[in-house]
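Structures given as structure tokens follow.
In what follows, chain A forms one complex with chain B and a second complex with chain C.
For the complex of A and B:
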């Protein structure tokens, strides 16, 4: 499919957006808009897949819109094609899911016009080939998603989320603007191909990397720029949450890759180290925040932070291997990162859709008010379990395959010569392992509290199974999670053109037995299919033997519970109590967590109270301080608002003199 | 013919890891009893227990879900497939090539994930306490285990167990500080993962101290038999793992001839008995820790593993 056709699809999205602004109060508007979005996204998905699998050559096009003297440049290469697949797979599933979920929307006119615009913007970012188009699309993406976050703007929490999001998004765009300014060089190139040409001084390259980490990193959710993410993602309707968490953060990763790998041509070892360290910290902090959350969607948003960390560990490794001249290992790390991008977009969408189904059925996201949903919503429970296993990096699902590849890239670390890296790489490995183990703990908590046990409140007791569209979407995603885990080799070989374009090398291809082989078969290999078949056979044999020789069908009886079963569902473990050991082990320093019992004085009839404290240090130490400083400066500048005309004229005069002096000294 | 031999060996290994775990458990209990000046049950008692459980009609809590019923089979399948991948008496078998040490750890993690979920299914407070503590212990033990894997991968240049075993059996290894550290780390992880003293007490039913027993409290009959077999298999797996990495000389390659294979199998039984004796001796000479001392214990393992890896990253000589 040509790039012109893809751009036509984007134009259709925008037209749909305008159309829905006009007709959104019509009876069937929801169904029409989501159906159309689904169809267009499918077409674009097809275009991306075909371009990637046929190893087609790059396509460019210049449209006479945008800036008058340059026009808008677009390009479809392998990397863009891969991200087109990620974006449009997410878009198609979210649109299909919304066919069912969107009917529960109370104010569709606040969602419908912005939804196609959001999809169009994400596709445009991926296709853009000049700085202006890129930034314009990036900003459009931010604004459209902001409007979606503010869909239910009357809730106070959402208004705050929207405010923080728009501030962070503008900040990110500003940083990217500055990065492009530095990249454009003396010639002032707007087009990406012009930026690639010249070599920057090390200092400038470092500044560009720093700016891109701030700009793209704030969108992706790198610690400590993640603060908006757990606020904004849950505020939006669930299909948009899935898109924002599963896909928009990936578009930010695309921005990072495009600028740092494509335009900057890689960083030195120090730059790669910074990315690697940030990735490790983000992964661990993201999952720790998630463990302490009791709001289902917020918890999932924090897990996005964790997975972005894992992706950045892969990208950081690719950068340091590239800087050291090990192209094959760089390709391995880069493949791991891209594969995790794909995998995360699958299971994160699945989990958010599941959370949406739970929210629709019970009207709450607070895990402490749920429980026992496996009896009321068995199908949702099943597919959600697949998502939980996949995100916890358990075989035979896809999350394990990509994290396994990242581990293999880390093990290649000793070839690096830099001393700092020799210590950092194993530490990053430990952090990745810790993040994976904590993620498993966190999803035992999620699943155990929400779906298992006994219902804690009346709404949880009377929940009903979700609609067919939602179930079909979630089942499809769960199936993809399993397939990508069983046949990881097939999926990674699809990534080869994109990897080759960015690192100049590729992973060895092993078609036999569909094994995943990072370097060579003697060193390590993973065959998902064998493992899956063996697990199924083993479970089958066990079931057969147990049924054949076991003692009859199970008898129903009250729970044993060591002889003291209590009827009140409040005696179950809660999300808070489940996380308590981990909170105690890790929370002391990282969150200044404390729990103390306040005993009443002797003779008093007041109850004893357990007082728990938890501090979000990123928020309190960085953002609150910056906010306080901004307020303080604003307070001082306030003085300039009440001067007399005389003073204003003199200020203007002195400014003029100052500027003239600067000009004379400059030239 | 070679292929058929290999398949037979593979079959022997698969049934071996299925049938031997209760024996390991029996030997350990017997020696422990003797050390405590008790007579102790026969070493075959665990087999009788399992059979008795299998024949009993299971009792199911009223609000148990399908997950509760499916979990024992899944736990068994995950553990068995992990155990099959570890070389016991022969290396280089067909299935051993399909996944590496990282995948083995992940399979065990999957089994634990399902077990922890099953513990929460009925909605009792004991199940919750067990699951929560198990996941905390796992969250600390897994990174330590990964550090051990990194160390071995750096020394042997591979994460495949048959390649690691072959390298460790060769003369290229020598005495290394990092190997010693990772050995200690692996021992600690093995104790924690199998719920042995000092982390958890397999013999206790004192509510507030138990971890594994709390999770399986609601199980009975064949379901309990499967879970117990799986946990015994996990113990066997760790013994085989330590044996295959640190005492690899008795392992034979798949094409080694029948005589060598039988000899190697006898050596393997010897290893198991020795491991049972060491475990019993260790458990009788130490007390169980408070739950919140366990993180310190596991952090020692993590630090030793990290130190071992760092030493290797700094210089290949350590």
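For the complex of A and C:
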């Protein structure tokens, strides 16, 4: 499919957006719009897959729109094709899911016009080939998603989330703008191919890397720029949350890759180390925040932060291997990062859709008010379990395959010559391992509290299974998670052109295409199919043995209830109980957690209270201080509002004098 | 261009600047207006001399307009305003002669330094004219900054504009339309300010601009709520 056809699809998205602004109050508007989005996304998905699998050559096109003297440049290369696949797979599944979910929407006219625009903007970012088009689409993506976050703007928390999101998004775009200004060089090139040509001084390259980390990192959710993410993602309707978490953060990763790998041509070892360290910190902090969080969608959003950290660990490794001259290992790390991008978009969409189903059925996202949903929503519970296993990196699912690849890249660390890297890479490995283990603990908590046990409240008790569109979407995503885990080789070999384009090398191709071989078959390999067959066999045998020798018919007996025979569901283990050990271990320093018991005075009948406190240090130490400083400065500048005419004249006069003196002394 | 021609032009421009300097420390409004009228006459002479030198007929018209309006109509009108406002006996607090002279000299020096450097390859007369024009402009601005009385601020503004006319006449090829439009905009500004003066007077019984400041609501508002919510605001943990 040619790039012109893809751009036509984007134009259709935009047309759909305008159309839905006109007809969104019609009875069938929701179904029509989501059906159309689904169809267009499928076409674009097909275009991306075909381009990736046929190893087609790059396609470019220049449209006479945008800036008058440059036009709008678009390019479809392997990397863009891969991200087209990620974006449009997410878009197609979200649209299909919304066919069912969207019917529960109370204010469809606030969602429908912005949804196709959001999809169009994400596709445009991926296809853009000049700085202006890139930034324009990036900003359009921010604004459209902001409008979707504000869809339910009457809730106070949503308004605050939208405010913080728009501030962070504008900040990120500004940083990217400055980065492009530095990259454009003396020639002032807008087009990416013109930016690639010249070599920057090390200082300039470092500044560009820093700016891109701020700009793309704030969109992707790198710690400590992640603050908007757990606020904004849950505020949007669930299919949009899935898109923002699963896809939009990946578009930000694309921006990082395009600028740092494509335009900057890699960084030195120090730059790579910075990315690697940030990735490690982000992964661990993200999962720790998630563990302490009891709002289902916020928890998922924090897990996005963790997974972005894992992706950035892969990218950082690729950068340091590249700087050290190990192209093959760089390709391995890069493949791991891209594969994790793909996998995360699958299971994060799945989990957000599941959370949406739970929210629709119970009208709450607070885990402490759920429970026992496996009996009421068995199919949702099953596919959600698949998503949990995948995000916890359990074999045979896809999360394991990509995290295993990242570990394989870390294990190659000893070949590096830089002494700092020799120490940092194992540390990053330890952080990755810690993040993976904590993620598993976190999803034990999620699944155990939400789906197992007994319902804690009346809505949880009366929940009903979700609609068939949502179920079909989630089942499809679960199947993809399993397939990508069983046949990882198929997917990574599909990534080869993109990896080759960015690192100049690729992972070894081999005869047994079913297994994943990072370096050579002698050293290590992973065959998902064997693992899957083994797990199925072992589980089957275990079940058979248990049935055969473990006694006959099931019998009913009172559940184990901690030796306290109370009927109240409040006696169950809670999400807070699950998080408590972790809070004790990590919370003291990282969250300044404290818990104390407040005893009533003797003779009083008031109950004793357990008071827990958690502090988000990133928020309090960085953002609150910046906000306070900005307010202080604004307060000082406020005095200039109420000066007299003579004072304004004096300011003009002295400025003029100052400028004239500068002119005299320096020129 | 002969040396005499140049010297006369130079002298007229210098006299223009001298008049601006003299205005800086005038305490009485009538004296101020008289010096302003004198400056306008010098300007008319200067422009006329430029017309002779450049053989530009339209500059005679500029000179005529300058003489008619700036040397006769505007000073006469200002006189009448002052009499009708009954402020002709008022003595304004202005900066002392010494500091005013020092500041004026510094400004003139700055104007010279800037202009002579910026216009290195322009002919000598234009350079000098531009430098003097900038000096007159800066002095007029300084007068607007230092005065509190509305009438003297108008005079400062008008003398500032004299500098603009000098610059426009000194450079060859400045379209006549520009000069005319400058002259007319000044006239309009004069009328508008004159009307406002009476309005201010009616309402506040003074033309001291400090009365205007006191009237503006914002200041009192700012004093009522010093440092509202800044520096101690923040949100809880997300």
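We adopt the following convention: the second predicted complex is superposed on the first by the 634 of 667 C-alpha atoms of A that agree within 3 Å, B and C clash if a C-alpha of one lies under 4 Å from a C-alpha of the other, contacts with A are read in each partner's own complex, and residues count from 1 in each chain.
We adopt the following convention: contacts are C-beta pairs under 8 Å (C-beta built on N, C-alpha and C of every residue); 3 or more make two chains touch, one makes a residue touch a chain.
Everything quoted here is computed from the prediction, not taken from an experiment.
Enquirer: Could you tell me if A:660 is touching chain B, chain C, both of them or neither one (first, second, both, neither)?
Expert: It touches chain C, and chain B stays clear.
Enquirer: Could you say whether A:231 touches chain B, chain C, both of them, or neither, answering first, second, both or neither?
Expert: It touches chain C, and chain B stays clear.
Enquirer: Which chain, chain B or chain C, ends up touching more residues of chain A in the combined arrangement?
Expert: Larger number of chain A residues touched: B.
Enquirer: Looking at the overlay, what does A:15 touch: chain B (first), chain C (second), both, or neither?
Expert: neither
Enquirer: Which partner does A:160 contact after superposing on A: first (chain B), second (chain C), both, neither?
Expert: So A:160 only meets chain C here.
Enquirer: First (chain B), second (chain C), both or neither: which does A:615 touch?
Expert: After superposing on A, A:615 lies in contact with chain C but is clear of chain B.
Enquirer: I'd like to know which partner A:646 touches here: chain B for first, chain C for second, both or neither.
Expert: Touch status of A:646: second partner only.
Enquirer: Could you say whether A:580 touches chain B, chain C, both of them, or neither, answering first, second, both or neither?
Expert: In the superposition, A:580 contacts chain B only.
Enquirer: Kindly list the residues of chain A that each of chain B and chain C touches, one partner per complex.
Expert: In chain A, nothing is touched by chain B and also by chain C.
Enquirer: Give the list of chain A residues in touch with chain B in this complex.
Expert: Touch residues, chain A against chain B: 371-372, 374-375, 378, 381, 385, 389, 392-395, 400, 404, 407-408, 410-411, 413-414, 422-423, 425-427, 429-430, 432-434, 436-438, 440-441, 443-445, 447-449, 452-454, 513, 515, 521-527, 530-531, 534-536, 538-539, 542-543, 546, 549-562, 565-566, 569, 571-573, 577-582, 584-585.
Enquirer: Within the complex, which stretch of chain A touches chain C?
Expert: Residues of chain A touching chain C: 160, 164, 227, 230-231, 614-616, 619-620, 624, 627-628, 631-632, 634-635, 638-639, 641-642, 644-646, 649-650, 652-653, 656-657, 660-661, 663-664, 667.
Enquirer: Quick check: in the complex, which residue numbers of chain B touch chain A?
Expert: Those residues of chain B that touch chain A are 54-63, 65-67, 69, 72-74, 76-78, 80-81, 84, 95, 97-100, 102-103, 106-107, 109-110, 112-113, 116-117, 119-129, 131-133, 135-136, 138-143, 145-147, 150, 153-154, 157-160, 163, 205, 207, 217-218, 221-223, 225-226, 291-292, 295, 302, 305-306, 309-310, 312-314, 316.
Enquirer: Using the touch definition from the top, list the residues of chain C that touch chain A in their complex.
Expert: Residue positions touching the partner: 107, 110-111, 113-114, 117-118, 138, 141-142, 144-145, 148, 209-210, 212-213, 216, 218-219, 221-222, 227-235, 237-238.
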